Each structure stands twice: as C-alpha cells, then as structure tokens.
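So that you can tell them apart, the chains are marked A, B, C and D in the order they are listed, and the count of residues begins at 1 in each.
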Amino acid sequence: MKVSYFPGCTLKTKAKDLDMYAHKCAEALGVSLEEIDNWQCCGGVFNTARNEVANKLSSVRALKFAKSKEQPLVSVCSACHNVLKQTNHAMQTDSAFASKVNLYMAEETNYDGSTEVYHYLEMLRDLVGFDAIKEKVVNPLKGKRIAAYYGCLLLRPNSVMQMDDPENPQIFEDLIRALGAEPVIYAMRNECCGGYVTMENPEFASKKSKAITDNASSFGADMIVTACPLCKYNLEKNGNSIPVVYFTELLAEALGVKEDAQNA
Amino acid sequence: MQVNEYKPLIVAFCCNWCSYAGADLAGNNRLNYPADVKIIRVPCSCRVNPMFILRAFQRGADGVIICGCHPGDCHYTSGNYYTRRRMALLFSMLDYLGIERERTRLEWVSAAEGAKFAATMNDFAEKVAALGENKRLEDLRCKK
Amino acid sequence: MHKDNTKLTEEIIRASGVNPKKCMKCGKCSATCPAYDEMEYHPHQFVYMVESGDIEPLMNSKSLYMCLSCFACIDRCPRGVEPAKLVEAVRLSVIRQQGKNHMTADDVPAKLSEDLPQQAIVSAFRKYTK
Amino acid sequence: MQRIGVFVCWCGSNIAGTVDVHAVAEALKNEPGVVFSTDYQYMCSQAGQDIIKNAVKEHNLTGIVVCSCSPRMHEATFRKTAAAAGLNPYMVEIANIREQCSWVHKNMQTGTEKAIILGKAAVAKVNLNTPLTPGESPVTKRALVIGGGIAGIQTALDIADAGFPVDIVEAKPTIGGKMAQLDKTFPTLDCAACILTPKMVDVAQNENIRIFSYSEVQEIKGFVGNFDVTIKKKARFVKEEICTGCGACVEKCPMKKIPNEFNLGMDNRRAIYIPFAQAVPKVATIDPNACNMLKNGKCGVCSKVCTAGAIDYTQKDEIISEKYGAVVVATGFNPISMDKFDEFAYNQSKDVITSLEFERLTNAAGPTAGKLLRPSDLEHPHTIVFVQCVGSRCAACAEKGKEYCSKICCMYTAKHAMLVRDKYPDTEVYVFYIDVRTPGKNFDEFYRRAVEEYGVKYIKGMVGKVTPEGNKLKVQASDLIANKQLHIDADLVVLAAAIEPDKSARSLATMLTASMDTNDFFTEAHPKLRPVESPTAGVFLSGACQGPKDIPETVSQASAAASKVIGLLCKDKLTGNPCIASANELMCNGCSTCANVCPYGAITYEDKEFMMPDRTKALRRVAQVNPAVCQGCGACTVACMSGAMDLRGFMGSQIIAEVDAICK
C-alpha cells in the first residue's frame, strides 16, 4: 500500500525521531510513505476565518499532490493533520473559499477536496488494522501502563476531524492494547496542553501541562504517549517528569524495529 | 387612482379550518378588500391540485392565491407542508412559463388573522393589478 | 450604547461564519475554556459582545492572543455557536491593520528555548502576525 | 340534470344593505340546472326553512344553493332542512355572500356582481353533487393500554371505572414504570411508592383490568373501533397463576451477580427475580440469559424450593389475539445515554451518576437502603454538584443530545438538592443551571425554598469538564454572574440527563400508523385543542410518549385520554364523515403514493380481480380507503398521479366547475 506522506516542519528538525519511527513502522507494516515533493509548512494552526486564503494554500498543494497520485494523504504530527483536514473540509464545503483558492493556485485542474486525509493513527486503524498490527508485534509491551494523550488537535472540531468520539476517544487506547500494554484512561487526555501560547506565556502553559500529567499519574500511568511534538514539549518541560514518548516510538519498539531505526 | 377600469380577477383557495375562517373574521370585522377576490373553500390547502390553478389561469384569472393554516397548525397535521412543497415547484414552473411570481402566492392565515387576510388580499390584488391582464395561459376558446 | 459598529460586526460574523444569536447564554464555553483565567473577556462574553456590536473592547484586549484554538468551546457548545471562530475573526481584524502585529521576528530569540519545536514558532506567527 | 333551487337570504340588511338580493335571485335563475330561485329576509328562520322545504316538494328539487352567511355558520342548519324535506343533506351548497361579500364591500354594484358570481360557483358545484351517506362501523367495547407506568395505570383505572374492560401490556415483569423507581415527588415531597403502589394494587384487583406483564405488542391491524391486536406474552418460566410471590426461589438462586435493572445496575439481582417488593403482578421471572438451568440444563434449585410448583422451565412465549375499540399509547420515556457527554466523565467514574440513579441512591428500597453514599467507596459525599440540561436544549448535535427542554429536570434537581441539604446539612450542594424553569402550581415556591431555606447554591453557568483525580471529582465550571471560572472538588456529580421517548415507541407508531415528530414523540391531533388524541382515529396518547411531562401533568393527561376512550367506547356505532377520499379502481395503478402522504394511514391496498380489455381476468393492486379512518383532507387526491383518487364533497370536477364559474 502506498500513501502520500506529509511530514511537516518539526518532524524534519526537533522531532526527527517521530518521523524516523513512523517510516520504520510503516515499512514493517507494509505501507510505503511517499513524501510529497517540495512540501511546505502547514502553518501550525488552522485559521478558521473563511476569508483567510493565502496561508491555507500550502495545505491545498499537499492535498492536490496526493490527489494527483490518487493516494490518501497521511501525516503524523497532530497539528499538520488538523490543518490539512480542516483545509480539505473547507474545500469541500465552502464553495466561495474553494473558488478563491483555485483562482490563486492558477493550475489547470481545480481541487475539490476529494483527497482522503488520514492521521497516521487512523491509517493504522482503518488501512492497516489493529488486528494486523497485533499479529506483527514481536515485543509486546507487557505490564506497561500507558496514558494516551490526545490533546485537542486530533479530535476537534469533531464535525470536521471525525476521528473518534471527542469526549471518549478509543483509537489510541486500542493501539496501546494491540501493542500488548494496558491503556490508562484519564479525563484530561483531551484537554489542551497550552499549545503555542507557551511562547507568549510559559507560566500559563506549564499550569495546563502540569494538570494533565498529574491527572495521568493519579490513574497510575507509567508513561504518556502523544502524536504531537508541541504537546510532547509542553508535557515534558512543564509536567511532573512522567516520561512522554511518541506513539511511533512505542510502535517501533513493539514491532521490534526500534534499534533498527536508531541505527539507521 | 387607476385611470382605466381594469379589475383583476383573483381566485383564492382557502382551507376550511384556518384561512376560510380568517376570511369570515375579516368579514365580521368589516375589513375591506377588493371584490375581485373570489374565495373557493377546500378542506385543506393540500386539496388544491396544481391543475386547479392552471385551470384558473387558462380561464382568464389574473392571480391565484392559496391560503392555509400556519405550518404546524394544520388541522390534518401535515397537509400544508405538502402544499408548501407542491406550490414551490408549481410557482417556479409558472414563473418559467412567464406567469410572473407576483401572480401566485401561498400565504398562511389563521382563523384569528382576519386583519392579515384582508391585508394580504389588498396587497395581492394591488400587485396583480399592477401587472395588468394575464394573457399568457389564457385559452381564448374559453372566452365568452 | 456604544458607537455604531454595524459594518465591523457584520464583517466579523461573515468571516467567522458564526451566528452569535444562536447563543442561549449557558456559559459552557467559558466553563470549558482552558485559557479562561488568562482572558479579560471570556468566551461567552465574546459571543455576547459581538452579538451586541461591542467590538472595540475586544479588539484592544489581550484575550485575543490567549485563545489556544483548542476548539473545546466549539465542540462542547450545545447550540453550535463556535466561539473560538469569533475570537479568530476579531484577532484577524486587528492584526490585519498596519503595524498591529502582536509579535515580531525580533521578539522571537528571547522566547526561544533549546528544544522548543518549530511548530510553536510557526503557530505563534500564524496567530499573532499578518 | 339536477333540479336546483336557489335561496338568497337578506340577513335583514346585513346582506341586502350591500347586495341587491332580488337581482342575485333573478340572475341565478338562468344558470344551468336552476328551476327555482327566490329571496327572503331570514332564510335560517323557521319561515325561511319552510320556504326551502316547500320549494323542494313543489319543484321536485334535487339540489339546493343557499346564498347567505358563512357555511361555518349555517351549513348544518340547511343540511337538516334539506333532510327534513327528504333530500340528501349533502346536496346543499352555501354561497357565502355575507362574510365574504356584503360585509367586506361597500358598493352595491360590486357587491351584487360578486354575490352573483359566488352564487354561480355554488350552482356549478351543486350540479355535480352526489348524495353522500356517512359510513357506519361497530365498536368493540374494550380498550388496550400500552405501557404500565403511572400514565397507563391511570388511564386503565379510569376506563375500567366507567365499566369497560381494559388490557394493559407492559414490557417489564411488573407495572409501575419510572414512578416506581422514584424516591420522593415534587413539590409536595410525598414518597412515590406511597402514592403509586395503592394504585398498582387497584389495577391488580380491578375486575375490568387484565395485566399482560413481560409482554409486548406484536401486531396491530384494523382501525378505530375495530383494532385486531397480537400480543406476545414472553415466557417468564414461572406459572403466573400459581406463583405466590413468596421469594423463596429468589433467595436460593445461586446466580447472584446479575446487574439489577430496577436499581439501574447499581446492585445485583438473581437470575430469578421479583423487581421490587410491591411489584404487580408479584410473581417471579427467570432471566433466560442468566439462568444456568435454561442455558445449560444444570441447576433447578428454584424448582426444588418452590412449594407451589410454579416453576416451569419449558414455558414458551404465548401469543394472544384480542380485539379492541381503542388503543392508548403510554410508552413513557428514558434518560438518554451519557456516552456522548464524557466531558462529565460519566463513563470514567462511578461517582458521576444520572438523576434517576440518584433517585435510587436516596430511595429506602435502593441499593444503599436510602443512605446517601457515593457508589465508588460507599462514603458519604460532602460536596455534590448537580448539572442541569445535560443533553437537553442541545441544538448543535442531533446525534448527541435533544433540542427540546426535558421539562422535569429543574424541579427534580431542586428536590434532590433540597432533600440532601435537609438530611445531611453538612453537605455542600451546587446546582449549575442555564435557566431555572418552574412553571407549575407551587413549583417556583419550591425551588426558592431550596435556595432560601435549605441553602442550595444555585449558580448560573454550566460545567465544562469533570476530571476524576484521586477520590475527588474536579469540576471546572463557569459562574456567569460572578464572571468567574470555578474549580470545585466534588465527591459526587449528578447529571440531569435529557429524557427521550422509549425506544419501543417508533415501531409501535409504525404499527398504529400514528405520526411522530422528529424526536419520536407521538404527535397529537391538535397541539392545543386535541392534545390527547393521535391524528389516527382511535389512538390516544397518555403521558411522556407525547412529550416530556411530570407526574401531575401525566396523570391529568392520562385521565383525559381515558375520558376520550370512554366517549368512543360508549358508542354502539361510529358514524363517519362522508366527505372522504375514494379511489377509482379502474384508474388506480397501485403505486402507493397516496398511502405515503396519508397522515392517518387510511389507505391500504388490495389485490382485486379485474376484467381486462382482452376479456382475460387479471389481479391488480388497487388502493382502498378506509372510511372510518379517512378524515377527508385530500392530500392523496393531489398526490395521485393517475387521477384515480378523488375526494367526495370536494371532487376535482366540482372545484374546477367553481373555478370556471368564477373565471367566466
């Protein structure tokens, strides 16, 4: 299976391991990630204003690339996924916006929002299947109590993201179970870590992250997994020292390709 | 004042339970509206077959108005919803045929809205009169 | 009464796609907002103030830059009002004005820490500047 | 050809003041079919009616046109006059020349012209009138009540008191419904069991009432006065007639860990069980999904301990067929699922409960024997947060909540909060509300008492997030008046879940062809004037199946429905409205379009044998209108694509004749 892959700025710099493990795991699961040519940064957050066009063009380009290859578009970073998915949704539903975008793009074919946008997790669930992953696990993460941290970007706004129940998501927990570990369900798993406001107001962001890690610990979690580099940064920097790892790293470990990846 | 003596011919279909009673109330309160308006009583606005409206235009009517109960108040629960959909289609088709939109109207008049009935008829008659005679569908063979 | 802001209000409503009249004043947006304490005007006030055309105080408020765009208010609002989109629209109407960027490139070095991901800087720029 | 008489009324000067009545009578003389035309001062007077009667005889009239006031005024009068003269009453048409002519026009000339045209239209219509006879159908003098909650109980008791037999069909093993689960009732705070259980006993002892518990309605056919109903009495594996309800079997049953539905799963019951002490009928029921004997053939303890010999493991479902004249729907409500509202952590913490669960927690017969202990650790909670409108007034999310106000939550929450403060003054009680809605006798006073006398803290705002941590529930909420975000460490959070119609209502509505709204509440025949009748004749609505209701309202509606049923069952025969639809079988192609638009389910299809043009016989599917059910709206006549459907009294040809007469 081949999919188009949008890594995003952070995965090429501060979160190289998120990217590297994603590649290795995909390989192990028989998925080939085809990186989009000349991708540009998604912009980090989706601008919900309908009259804001320019900063959504990079996403449209990525979506169009995937469309030209007739592949689904996959990303690992929660922020990239959120921006791509929301942009795609706007292209589908807001015709005024879509026609403006298509004018800007000035290419022969218009883009209509028909690319399927998957987060890597959704790819694992919907395209690979958690059962298939379970079969490929060589190194079950037995005895580990893992708290999944969704944050906001994967789930909300639910009307667009449609990944899972925004208040009671299961996708991360199902993956954790498939890898042989025990998921820890805690209430703060879908609350915001403080996001980019960590630059403007670090004290505030640290308060948010602390509450999340405390809540996870209080339910007996050994570690937190996340899909987002900024979440990981906030939780690690401001949290209660509970380890925070990328889910791809965990996946690599369970699939037995972690060292392989590190040596690559 | 109108210069010529032109009087439009207007057919009004009124449902028995709301609009016909509303017309009666307009009468009780002596609220004037043009005599050009002739009312035909139907049990429910949904009894109004589009054919009746075409027939009226064919026979020289200048305007046709259908009055029913307000949405949600239909004596038969849902009849006026059928009317609303049917008339939306019919009116747009008539528009396409050149029967101006102002010549057809669907209005909700309750049994308590005598004043609304009179005002609606006044307004409708005025709009239709402004358009002049309707020749588009008239079948000259039917003229005496 | 505040001065006539009809045009601005309409523009904000149009750009955001939000109909503040749908609000039933339950306050769930403000109950759910993680940035509540950092805000001078809270999400439910945003909706009310846009509804009543009282936009200027919002434009001058630091609340604009505290919204995390976590969309919790959007998902949990029982009436589908989407307060975060209003915040975004008001913020844009400010930073689109000349010289009203909330952050400049010169501000960045002081805010950097060694392992701060790019994503944070990109997002902050997207949110704070034009 | 008709022989029509025209009678123009002066109505004193009411008509004659603006309309030249002689001219009208004169002008109508020349209309086709008219053989006699006259005018008189007051047609509706005895003398006026005599003129009509005499004219009918003298001129051998077959049709009558009265130009007078609105038919809404005197149509019935003149129909009676016609009948008295030996004419079919439906051969009368009224031209409304008062309300719609003389009273709204000032000028004699225009008034007269219009009156003549209206008269012509009426004559044109009468020319096409045919005599109509209302149909008659017999009435089975027995009522069916579906649902055995307080609504069904009250309706059944009232009907039975009037002397008619009633059957109650209840899906659960006992009647009593939601009210049996409640602790106290607002605004008087008497205990629900104390006022409900005597009524349940009354039902059991009433000779006119049969209870089919643990049963469901499988099929309903027929129409008003003549419903054929099939009821499935599910096997309870206990002989109802023999079981004494002693409970020995329950005590000895080894399957002890079955979640107890009656206590909403907060404690356990056995595989053989009696839902609660005052159950009616008080007989045991075996849960076939839990019983070891039924599943694996191993056990049989209950059979051994039953001295009455009531246990019967071979019992089969029983099918009962019965005829009824009227059907009352009383299927009630349920709280909605809290799965989609997990920001309140209902699925994450045992200490986040719904209000109905709270009722059981405070009920003396509940899982904690009436002591307010929180479910997780059976500790007494010191801080309780009540959240109102969970899923109610939720317009954004049809798949999540309900757009309507559930109506009962404000009052029961005030009740809960007050009772907690009364029994446990050391407990802090917060109520988060959007609006407090307390219209009802002594309701607002009750709510104010909770605040002023009992010190319940009402906060205008909503809870945004509940985070279980340690043994606390961290509640994050807004206080809109103080303009603050609150953080409360609570021990118990109670959610006022929206209520929705019972799931069985949808299939029942289909069986009854009774209409429902988008929320699956049954629709009433008229929202103001016929609130307890379904638009489908013979189907009546009782209680929350029609919309959210508290107990006083439910009981009044239940009695109202009963009185409507009694009114129907009192009749020996039903006389229908003759102005109903009928299908021309030769033109009908059986497409079902008419049946789909009929709001009453009056149209069915029948395969009939027809002689084809080539003289062969063939079966064709044709529409049949049930005259007892059709109300004569005419929706089907317009929907019919082959023009087979027509409405008696308002036939297409008649209306076209009127149009032609007006447009001449």
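As a working rule, contacts are C-beta pairs under 8 Å (C-beta built on N, C-alpha and C of every residue); 3 or more make two chains touch, one makes a residue touch a chain.
As the structure is a prediction and not an experimental result, all values here were calculated from the model.
Counting steps between touching chains, the shortest path from subunit A to subunit B takes 2.
Distance between subunit A and subunit C, defined via averaged C-alpha coordinates, is recorded as 24 Å. Averaging C-alpha coordinates per chain places the centre of subunit B 34 Å away from that of subunit D. Inter-chain spacing, taken between the CA centroids of subunit C and subunit D, is 47 Å. Those residues of subunit A in touch with two or more other chains are numbered 167, 191. Shown for subunit D are the residues that touch two or more other chains, namely 343, 465. The multi-chain contact residues of subunit B, meaning those touching 2 or more other chains, do not exist; every residue touches at most one other chain. By the definition given earlier, chain contacts exist for A-C, A-D, B-D, C-D.
Against subunit C, in their complex, subunit A makes its touches with residues 8-10, 13-15, 41, 43-52, 55, 77, 79, 151-152, 155-158, 166-167, 191-192, 194-201, 204, 208, 228-230, 233, 237.
Residues of subunit D touching subunit C in their complex: 343, 389, 393-397, 401, 434, 460-465, 476-480, 483, 485. Contacts from subunit B toward subunit D in the complex involve residues 9, 11, 20-21, 23-24, 26-28, 30-33, 35, 38-44, 46-52, 55-56, 59-61, 72-73, 75-79, 82, 86, 118, 144. Listed in rising order, the residues of subunit C touching subunit D in the complex are 22, 24-33, 36-37, 42, 44-45, 72, 76-81.
Of all the residues in subunit D, the ones that touch subunit B in their complex are 70-72, 96, 98-101, 103-107, 110-111, 113-114, 117-118, 121, 515, 523, 525-527, 535, 579, 597, 599, 631-635, 637-639, 647, 650, 652, 655-656, 658-660, 662-664.
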